[in-house]
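Shared between the two complexes below is chain A, which has chain B as its partner in the first and chain C in the second.
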Partner chain A sequence: MVTVTINGLDVSVEEGMTILEAARFIGFPIPTLCYHEGLSPYGACRLCVVEIGEAPRSRLVSSCTYPVEEGLKIRTASKRVVQARRMIIELLLASCPQSKTIQDLASAYGVRTQRFKQEYEDCILCGLCVRMCSEQMMAKAIGFRGRGTERSVGTPFDIQSDVCRLCGACMHICPACQLRCTYNEPEKAICNACANLRPPCLEKEQYDDMMCYMDPCVACEIK
Partner chain B sequence: MEQLTSFGMFKALQERIVSESCPEIPTIVVPAGTCGQASGALELIRAAHHHILKNNLQARIRIRATGCHGFCQAEPSVYVEPFDTFYPKVDPARMKDIIQAALEGRTVEDLLYVDDAGGERIERLQDIPFYRHQKRTLLSQNERIDPLEISDYLKIGGYTAFAGLLADNDPARIIEDVKRSGLRGRGGAGFLTGAKWEFLARQADGKGKIIVCNADEGDPGAYMDRSLLEGNPHSILEGMLTGALATGADQGVLYVRTEYPLAIRHLNNALRQARELGLLGKNILGTGFHFDISLVKGAGAFVCGEETALMRSIEGKMGEPRQRPPFPVQKGIENKPTLINNVETWANVPVIFRMGVEEYAATGGGEETGTKIFSLVGKIKNTGLVEVPMGTPIKDIVFNIGGGQSGKGGVKAVQTGGPSGGCIPAELFDLPIGYGSLAKVGSIMGSGGMIVMDENTCMVDVARYFMNFLKGESCGKCFPCRKGTQRMYELLDDIAAGRGTPGHLDLLEELALVLKDVAMCGLGQTASNPVLSTLKYFRDEYLEHIENKRCPAGVCKALIHFSINENCTGCGACVKVCPEKAIKGERKQQHVIDAGLCSRCGSCKGVCAFDAIEVR
Partner chain C sequence: MNPEHIEKIIADHEGRQGAIISILEDIQDLYHYLPEEALRMVARKTGQSLVDIYGVATFYKAFSLKPRGRHLISVCMGTACHVRSAPGIVDEFTQQLGLRPGETTEDSEFTLETVNCLGTCALGPIVVADGTYFSNVKRTDVKKIIHKARTGAAGARSGRDERLFPVDVLCPLCGRTLTDAHHQIENNSSIALDVSFDGKKGWIRLSSLYGSTCRESEHEMPPDVLVSLSCPGCGRNFPEKLNCIECGAPMVPLEFQGGGVLYVCARSGCMSRRISLDVPVLRAETASARQA
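After this line comes the complex of A and B, so read on.
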């Protein structure tokens, strides 16, 4: 067991835990997007940043990847942390405003507007689907391609992957497209069933044949 | 050469090479690194060979093609040993004069370097202002050796320091010495090299340890590492051998970017020679010490210079960083403890032991020791690679070595540290150069890029340029870096296009500060520097763009317009070059520019001999 101070509270937590696990275990909420209990930590969305150490040498680290250390001082909701999270949410909202998950985050952090050029992207590249596919489904059907603004999730050469079993786990875990009902016109919040919901490795027609992990599936309910 | 199996054999070989070297025979030295070859060094070498063979002078004079000597402005150049004569910008047709003069022990007067300030001809390399104000501990070796010959490196005392340390076999003392020398990582972060080595030495031995030379130099306009890799590959191998001895590593990796084909060729050649001689591989010099180095070519991503991304790239995976901890030294390539140092750091290691720890530690000012190579480019007279002791004021580099601005406008700022660095305004040029001092003013040392900017450089445009580079080179893994750099570029683009509002500045600053705080790796954390440092020192330029829709430097195309003043003689030169046919006027009459047609390309300004084109 190691002793850490979270938001001024001295607590004993198990060695090997990450800050995120420790904080959530004690009861301090930390928002996440690219984190999932069943998958390896990735540290890419940066929403889970917390402040560690003491001023003026304190710094922000992603709590999902940082292991607890003896005597570590952690603040999960300091002004600096909240400011950073609000900016990340604003960036998310500017790129992917259709996502219910992101809308909820924005609402929780009081982010009412975003000041950038509005985009409507389908994917925030959190990598949950890629890790789900490789770590839980043992398929490795999808992966990342490209870099920077060109980065995307998909299969090599955009050809349907032989190892994809159409399990739909990638869709199930996706925070951007999950329960998104926007049809082809992103501005209209009208349900289009799951027209744009398909695993990146699938042909559109095959959607009918596959297992659906939506729970509850809005599309099915409306049909 | 036979394989060396003992110290005695090593010493004997070295003595033999020195005794057979005949230093009195004149040698024509031509810097033929990638840069030299591009400016015509190979033509010079060809001409020299031709003349020597034709006149049967092989026994009386020698030619040596070496790596870069640093003085880009003067390339293709020739340097003659042992007279120390330097000829800049040599025409291949004049090679025979140089050879004849060298044989007779005189100089070719009209080819010598002319000093801009004094107007006099300077004969010796050391007296040229560009070289005189430097302290070329590393780079001076480039003149003296042929990078393809291990014997040249042995001749100047190469591998001696390593052999001595191997004989002592006291790893703890090597680490102690490197620590005492004060050497800090030359890649940019400036971590104490000795301390880093100690971390690796302390790791359990079981799995084997790896040391890596990071030669993925990617900053635009920076080529310090290339000059060392091409010009003196053995010094890097010797540094890595010393590192391996100190830390107990058994495997070395040279990670070189594919864009450096000549460096790769020279390194492969050096590796082969060192192996043949028994200085690399199993049972080095018969001591039972094993260490070998392999070469990995990078696949062309800027982010692979970041150490966690570099390790993934070596493993054959996609080059993207991961969060530390675990640090590479705990869990690196294939989960083995890994130590990564920059090319220049490794090249400094043999220097420390050759010149002595105390003397090395005494070089430089204050707490930071040794010399640092900078790639001095931009609006400056003498561009090139300059090596100065730590603590040298920026103004010495810009004015004494660089010779001041090249154009009409005065020097406004220098940008250090590559795309993730910052701009330092001319008011702060008294600043002694060092890791700490540069960080204090909002820039970074980086790997040593130094771009000089004058009054015709628009700082908004500079920030926009670097942000465009970073947005393309961000790996895209961490969301704030991928989107943050894209958004900052959009905001800067708006400002440069005259669409800026005061809100743009606030948002830009807010975003830049958050990105610095939250990004996963060094690339993202420093990506804000170009924006933050220009905002700090050149805010008035931003405001001018936003409030008055004016670009003071006359760079941002949307905000400038060209006109012709009464200086115009009506020569018609501008009419000929204008791609839009926007310039009209009678011969010998003042011309006019049709603002509707003008694309603001600046071609007319470039050809006008009468200063008649005004940019506002």
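After this line comes the complex of A and C, so read on.
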């Protein structure tokens, strides 16, 4: 057990925990986007930043990847932390404004506008789907490709992968709807689940009782 | 694509951690790009997932998944080259070869590409043709560069190892040069020494390329014998000092022009070489031998 101070509260937590796990265990909420309990921490979205150490030498670290240390002083909602999070949310909004998850975060943190060039991407490169595919589904069908502004998630050569079992876990976990149902281009589709239904779910009223993890279902939206 | 070639490349890197980049480099040397089937084969043979290999292949700019020509011409478009009219040079290449940057000629002879900086800004504009750098390129030079690349004079991509360079050595005892311009090894003048072992005496010529272990000698030498090396000029044996880092045998020091010491291992099977810059130490140690 190690003793840490979270927001002024001395608590003892198990060694080897990350700051995020410790804070959530004690009951301090920390927002996350690329973190998932069943997957390895990745530290991509930086939304879980916390301030550690004491002023003026305090610094911001991603709590999902930082293990607790004896005597660590942590602030999960200091002014600096909130400012950093608001900036991250603004940047996320600039790239993926249509994501429900990001919109919810923005409203929770009172971010009403963003000051950057508006883009309409469908991926924030959080790596959740990639980790899901390799760590939980043991498939490794999708991965990161390219680098810099060219970086993207997908299958090798952009064709359906031999090892993909069409499980749909990548779509299920995606906070930005990267791998949306691409019914109109079946060869390129990762999942194709709705296209494989007979009759296809495009004829919406037939499947009123069906749970679709696309909310709203893009295939249903396509007329 | 020949699967056997790929298999051989993979076998050459068998069992090494992180060999993926080396394997991909070798495949690219062979085909000038990475064929899809080759990547799938690498994934199968190395037991890694195709996604990881595809990720590496797309991450590095040096790899290309599109077929490239036999000759690769890269024009630097970095800031320094750009202000020294690199765009004009790209235009000239575009006109002469009839392709835009990133494209390959129909006979798959040439690929033209632009790069962002080659790190030799003072020599700009820079053009690299098949691994050979052309500096201060003017529009009028373009024709020459294309011709050189076409005739192979620009140096084949899998050609000479640039890490090897010739050294000029002197006897530390008498100061005479040991370089023999008449006896060439690997297209460079050789280092002439006399060698004696097992009661036999004869000449030996070492490659003057630092990093190379090529040599020729009068008598066939058994692989594991300590030889004594001497200067053909003054006839005196070189002092033995410093143990070889490869095999632990003593090494003999030779002075080389430009200020340095070239150590040569005296074991016939090793003969590895090492450069040190400790000339004063050598001087002090050979002073006594010189007087004797």
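Just so it is clear, the second predicted complex is superposed on the first by the 177 of 223 C-alpha atoms of A that agree within 3 Å, B and C clash if a C-alpha of one lies under 4 Å from a C-alpha of the other, contacts with A are read in each partner's own complex, and residues count from 1 in each chain.
Here is the rule we use: a residue touches a chain if its C-beta (ideal position, glycine included) is under 8 Å from a C-beta of that chain, and two chains touch if they have at least 3 such contacts.
All figures in this text were calculated on a predicted structure; none of them were measured in a lab.
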With both complexes superposed on chain A, which partner does A:A44 reach: first (chain B), second (chain C), both or neither? first
Classify the contacts of A:S95 with the two partner chains as first (chain B alone), second (chain C alone), both, or neither. first
Counting only touches as set out at the top, which of chain B and chain C does A:R147 meet: first, second, both, neither? both
When the two structures are overlaid on chain A, which partner does A:Y120 contact: first (chain B), second (chain C), both, or neither? neither
Name the contact category of A:S62: first (chain B only), second (chain C only), both, or neither. first
So, does A:F157 touch the first partner chain B, the second partner chain C, both, or neither? second
So, A:F25: does it touch chain B (first), chain C (second), both, or neither? neither
On chain A, which partner touches more residues: chain B or chain C? B
Chain A positions touched by chain B in one structure and by chain C in the second: 144, 146-147, 150
Contact residues on chain A for chain C in the complex? 134, 140-147, 150, 155-157, 161-163
Can you check the complex and tell me which residues of chain B touch chain A? 301, 303, 318, 320, 322-323, 325, 471-480, 482-487, 490, 503, 507, 510-511, 514, 517-520
Chain A-facing residues of chain C, complex: 36, 39, 49-55, 58-59
Taking the touch rule as given, give the residues of chain A at its contact with chain B in the complex, in rising order. 33-34, 41, 43-46, 49, 59-62, 65-67, 80, 83-84, 87-88, 91-92, 94-95, 115-117, 124-127, 144, 146-151
